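For reference, chains read A, B, C, D, E, F, G and H in written order, and residue numbers begin at 1 within each chain.
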Amino acid sequence: MNTATANINSLTDKPFHYCPGCTHGIAHRLVAEALDEMDLRGKAIGIASVGCSVFAYEYFNCDMQQAAHGRAPAVATGIKRVLPDRFVFTYQGDGDLASIGTSEVVHAANRGENITVVFINNAVYGMTGGQMAPTTLLGQNTTTTPMGRDRLVHGYPLPLSEMLAALPGVGYLARVSLHSPARVRQAKVAMSKAFSCQIQRKGFSLVEILSTCPTNWGLDPVSALRFVEDKMTKQFPLQVFKDFDQEVNE
Amino acid sequence: MNTATANINSLTDKPFHYCPGCTHGIAHRLVAEALDEMDLRGKAIGIASVGCSVFAYEYFNCDMQQAAHGRAPAVATGIKRVLPDRFVFTYQGDGDLASIGTSEVVHAANRGENITVVFINNAVYGMTGGQMAPTTLLGQNTTTTPMGRDRLVHGYPLPLSEMLAALPGVGYLARVSLHSPARVRQAKVAMSKAFSCQIQRKGFSLVEILSTCPTNWGLDPVSALRFVEDKMTKQFPLQVFKDFDQEVNE
Amino acid sequence: MVYRININEERCKGCKLCISVCPRNVLDLGSSVNDKGYSFVTAANSKQCIGCRACVLMCPDLAIDVLPKATRA
Amino acid sequence: MVYRININEERCKGCKLCISVCPRNVLDLGSSVNDKGYSFVTAANSKQCIGCRACVLMCPDLAIDVLPKATRA
Amino acid sequence: MEHSLIIAGFGGQGVLFTGRVIAEAALLVGRNVTWYPSYGPEQRGGTCNCSVVISDTVIGSPVIDTPDSLLILNRPSWDKFTPMLPEGGCVISNCNLVTDARSLLRGNEVALPASDLAAAAGDRRVANMVLLGAFSALQSWLSPDHIAASLKRLISPRHRELLDIDLKCVEAGRKFMLQQREAVRHD
Amino acid sequence: MEHSLIIAGFGGQGVLFTGRVIAEAALLVGRNVTWYPSYGPEQRGGTCNCSVVISDTVIGSPVIDTPDSLLILNRPSWDKFTPMLPEGGCVISNCNLVTDARSLLRGNEVALPASDLAAAAGDRRVANMVLLGAFSALQSWLSPDHIAASLKRLISPRHRELLDIDLKCVEAGRKFMLQQREAVRHD
Amino acid sequence: MPKFGLMKGNEAIAEAALRAGCRAYFGYPITPQNEIPSYMAANMGLHGGAFVQAESEVAAINMVYGAAGAGVRTMTSSSSPGISLKQEGLSYIACAEVPCVIVNMMRSGPGLGGILPAQGDYFQATKGGGHGDYRLMVLAPSTVQEAVDLTYTSFALADKYRNPVMILGDGLLGQMMEPVTLPEPISDLPSKPWATTGCQGGTPRIINSLYIEADAMETRLHHLYRKYSQMQREEVRFELYQTQDAEVLITAYGSTARIAKTAVDRARSNGIPVGLFRPITLYPFPTEQLHGICTHVERVLCVEMSMGQMVEDVRLAVNGACPVQFFGRAGGAVPSPSEITAQIESMWAEVNAQKEVNR
Amino acid sequence: MPKFGLMKGNEAIAEAALRAGCRAYFGYPITPQNEIPSYMAANMGLHGGAFVQAESEVAAINMVYGAAGAGVRTMTSSSSPGISLKQEGLSYIACAEVPCVIVNMMRSGPGLGGILPAQGDYFQATKGGGHGDYRLMVLAPSTVQEAVDLTYTSFALADKYRNPVMILGDGLLGQMMEPVTLPEPISDLPSKPWATTGCQGGTPRIINSLYIEADAMETRLHHLYRKYSQMQREEVRFELYQTQDAEVLITAYGSTARIAKTAVDRARSNGIPVGLFRPITLYPFPTEQLHGICTHVERVLCVEMSMGQMVEDVRLAVNGACPVQFFGRAGGAVPSPSEITAQIESMWAEVNAQKEVNR
């Protein structure tokens, strides 16, 4: 079929298994487009994490390793250290990266590993059926916060990128969103920047992408985009935290 | 013998096993004095971590649990959640807290657990014989950085407190040092503040203490104090990052 | 310009993201379902299309593409 | 004021931190060793002591204490 | 007496719920029962099924290798499960959705236009309850009253309107089946 | 022929090093050898020991239950190890540090003022080498040359001055022992 | 207020725990046991207990250590990969003698594997997947009712032995619904003078697993192993089904055992003298009891949803008394009654052929 | 350039790994194996390899997965508690068929335990401490020379089977020095077309352990188990010492075996016909070989620095052919030759008493 996939070398033809309207698919496309545009497919090794995107290894048309829950940055470190001239990226959800994988991402960032992390923040554990994520908003209902997230009991939404911004090993760090075509374009720019950071060996790069989970939010896909725009961007302001070739004013 | 121990209820009589001049001992005393002064011994539960201070359970004269390497904040969380009116503190080294235990401390802080963490930053793994810690200074020799820590290979000294400062669950956060009597007094004030934070249920509190490891630094104890003053405080500036009852200008 | 709107009916999941961002109401959900049981999008008003590709950008399933029609054909 | 300097010889490890901070050179390392094999501190110049307690603050081993001598005693 | 039943279709067609209704009804009439859902990375589309075993005695396997009955709501499920049907087994399917299905080698086949019947009863999507009604017509122990009681247990009073439609659909399926039987008898 | 030896004292007294010197020397003369240190949370003070087994054949246990020889550098080690000494075993101790020790039930005892001898040779802290010298006087295979060669292997040329003192202390211990023997013989 | 109704295995376990006085739950989501944390999230608060979704399984087990060390009946649950992450913590808990309950609803492995039912964690559960010499008590329910009963009891057993107790189920048991009768909520709990609750006037208490001296550690180990022997004497549980005259004996546990029961019934209806030996406590394993039965049995067939794990304990028990064979499905495949029946039939044929030879 | 000299077990292992072409090491400090990371830190760079002190054992094993998946000979090392933390990772690595070498220099456990030598991780190593059905190949050296030889070989074995190989030693072996001859550095390494090195023009490669369908996972498991059978056929290693005419047989591995050897010598010098069976591969275990010997043996004594773990594999091998007894020291205590000799003597007395009865 002559739709977009045909033009993207870095994606296989396999249809995504994601729920209707889940923006994981958009994020996949952005990664693949950036790989294509920067001609990285042949030297790329991607790390799929554990979450709804676990099958990423079936979608990205490059060498892939599937990593244990939360450990993708460690796996990426292992690869990059032995193949420093290859392009290594991870694709991780907020449960994977900001909960169980906190140590791994913090230390990979702090070591300044030349890897790129694509961080999908959808404020929930998608794959396991909608439990609280560290990024779940205050008041948000999940199966493990049935009365809504309460800061006194469950703590605050974790500002992971703000935390990583404190680390000198980080070369590029930005938070983007996918809730409108304009934001998708912006996200694409961030992705390319992050990839360049790695290629220029400027240290660790991470793009946090605000993404939807219509299924577990109990919203239709279009309302889910509005939720991102209205609620998530308030808690997680879109921002370039670090840019290896620019001064950033916080 | 009528030396200081006799006056400190919250310490047992057992002599410390630390190397001569190791400031772990001073830190112990500060914790114990604060427990005494705030009359917390009877309702305190301390968590000893894995590091040179592993035997803390033999020194603090209160109920103690010994935790697995890095997990003290999780253990403390377990206790505090079931005994919210008790006083719960952990005592952890920089390997324990800032390396293997990164996730646990970040998430305890982010949940705003009402616990107090005493964080001994001596820029090295003391107990295991002097390997690199996340906090090891650039250029510092350790058994695993025999040519000195190199930012390109080993990453940067991890600014853990700076990172935690980004988390809204944190009520009190300060970095102090033990390299002079004046600094020891200041450290004592921070300790009391942190304890008050917990008692007033203002959230997570942490005191990072710059401490010496003469043995693994290859310095005599007095020179080790100078190293803290001259080198460590440059990399790790002494600072109150967060104070639950004051505005803090960063 | 005239645009051809290609829809991959088997990939489309009927999520309507494309519909929601189309400035010209070009797209609509059809009434039939594909093999996966999803209703899929059709270009109900393809003439109105201005080729802005908003739909393409927002489609999570690479189910839609918009191409300029060879005007001479 | 006159001060009594108590030294717990068995706890002392001879680290000299107290010596290094004493503003009056009151303290010094003795020549004998304790059961653990450490030389320990002695109050060589106890008369000079001003009771500032710097030594007490810096002693990692609670091996030293400084108390005002009951002046009348 | 033991009866084993597999219900299968797409996610979202009420497959698991249908099984629950039958299981609760079985409990109401004092029988042993097991209900076992297929569970996958559920959040993804795809097919869905559940196995219900009803018995007078202790139930061994809740996993069914030779189902006495099948309720089939889509074509992939037809392909997957009908080969398991033993001699004498019965498959009830929604012929509005299960089209072009090759016919069975053994067992009895009932195809009813469950979506159409559901639409007539108020909501096209409730075809699952139509199949349940049809199934109940073949199970002497499963009376409309028990189904109603079971549904009331499972649907919160806040969703009264759902209950009404469900009951109507059950009735439509039951009636259709009884009429068919009647027809067969008069052939 | 197998010879087993435990060297024990405080951390910092060169206990492990002394064992290394003997082990390397054994290697130089073509014998099998195992060296096994006590290892604790090393960074803490306290006692320290190592076991050295030298043999003409394959060595089984590197852990010694009945040491042929003991070199003892402090009192706690005396208390801990001398009870293990078998009939005919030999303990060599530094009587400058091992004081008030109760005497042995069996085995031979050699007490020498190793610290004093070391002080005389240049550094009071090198008592370990004095004991080593004394030990070598009792071991025909362990010649001064081999000890010197072993020490040269272990001490980097940058620390030439250490080597000299070590050698002097070894010599002092050896001489002391030979004289004692002489004395005994002439008793 | 015993309660009767249809419940999912996972939810039934959670409710049984609450009724057993469990007042602290720490866990991390993983399929197929997510109903346990959800249930706890919704209900623990009503009982004034603590529910925390931990940042990881590692954190969860260490929270358990803390809360249980503070004297509260505490539980965690997970499934295979998550349980692997708890191994260090479990080893600590066992050594420090902290009573608690761990639920493992096994899924297929190794690795990320799959989420379907499996029994591939038998070794890990019974031999100690963590380091050092220690044992969990391991209970393997085969019905939802038994899951309720064993969960309820597990807290008392944990307290009795000051030892972690594992409920070893699988996705099938966790996901299926069955009618259950729930026990009365427990009213009085044992006192725990060893717990770290703040020493007030008294002597400080220490919960610890560090014994730096070999003697002390060895003493600790002998103490632990005395407890394990006591378990072996007092806590062994198993079920016999049609074993009276059995010449062929199936051994199976958990979900597999109930499927095997159906197979036994079918084979019996074909006249084959087959029975089922179902260990309920996997540790302590009913070694003597199984050995006893094997005196009048010709062949043993161990059926598992694994590549063969319990079969080693079966072999150790049988100790050469008769041949032990193995039949397993793995990777999420569940053996069907007919597959097992077929195995029984072929074994029975072998037995008869053997008899023929001996005649 | 074979090199001869006195080396610590830990350093010898590190050097042997480098000579075997190991070009990536990831580890986290823990006593008693700290000399391995130190050695690697100092020397890996000279060979152009990668050394990373990971933030934890969990991170380390996942770095291993990455680097070894990228085709490089890779190693990690740790000791008991640290190995427990690697269990999830090991299970992944085994399933995804990533060849690598893991060194466990065991210390006493459970829990934080102590740092002295022990053999309490036998079960964990050989039965799979992680979840699911998988096995590590486990090699147990008993001398420093053997540690060198087995480490050197382990990389080739890992590549041959695309399976993780564990070197199972203990603090004694790691800390002791012995003369060793080091092998030549390896020159040619096997090619690894499956490795993820960037697919360039070719078909992308996937390293994965997820098989969501039961069929696919079961197929994977059968594939793994075929490899394990092949290991059983081709890789079993063991040493016989004085077994020719032995009526009493000691089984022991690693450090314990060398101590047992001294005991055997002493007992032999007292005229007792005793021998030693020393498994070198703990998995695959020399089951058949041991069973074979037991035909002419009266009694087996398994000696371990544990509360009894390998003894189960010994019993499974002996399968009732003769009585199997156990003698263990644990918690960091090392059995002395005289203790073992005493055990041998009392067993020999039993054997003679038995003979008396039978006469």
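Going forward, contacts are C-beta pairs under 8 Å (C-beta built on N, C-alpha and C of every residue); 3 or more make two chains touch, one makes a residue touch a chain.
Everything quoted here is computed from the prediction, not taken from an experiment.
Within the contact network of the assembly, the step distance from subunit E to subunit F comes to 3.
Most remote from subunit A, judged by the distance between CA-atom centroids, is F. Taking each chain's centre as the mean of its C-alpha atoms, the one that lies farthest from the centre of subunit G is D.
If you average the Cα atoms of subunit A and of subunit G, the two centres end up 38 Å apart.
Our note on geometry: subunit D versus subunit G, Cα centroid distance of 60 Å, whole angstroms.
Taking each chain's centre as the average of its CA atoms, subunit D and subunit H sit 54 Å apart.
Separating the CA-averaged centres of subunit B and subunit E is a span of 63 Å.
Within subunit E, contacts with two or more other chains are made by residues 40-42, 45-46.
Residue positions 13, 38 of subunit C each touch two or more of the other chains.
Counting partner chains per residue, subunit A shows two or more touched chains at residues 18-20, 54, 66, 68, 99-100, 102-103, 106-107, 111, 127, 129, 134, 154. Remark: subunit H residues 58, 80-81, 83-85, 87-88, 91-92, 94-96, 106, 108-116, 118, 120-121, 123-124, 127-134, 208-221, 225, 306-309, 312, 315-316, 319-321, 329-334 touch subunit G in the complex.
On the subunit H side of its complex with subunit F, the touching residues are 5-6, 31-32, 115, 171-172, 175-179, 258-263, 265, 334, 336-339.
Note for the complex: subunit A touches subunit B at residues 99-103, 106-107, 110-113, 134, 151-152, 154-156, 158-159, 162-169. Within the complex formed with subunit G, the subunit B residues making contact are 41-45, 47, 54-55, 57-58, 60-68, 71, 74-79, 81-83, 86-87, 103-104, 106-107, 111.
The touching residues of subunit H, counted against subunit A in their complex, run 23-24, 26, 49-50, 52, 54-56, 58-60, 62-72, 74, 88-89, 92, 96, 196-201, 204-210.
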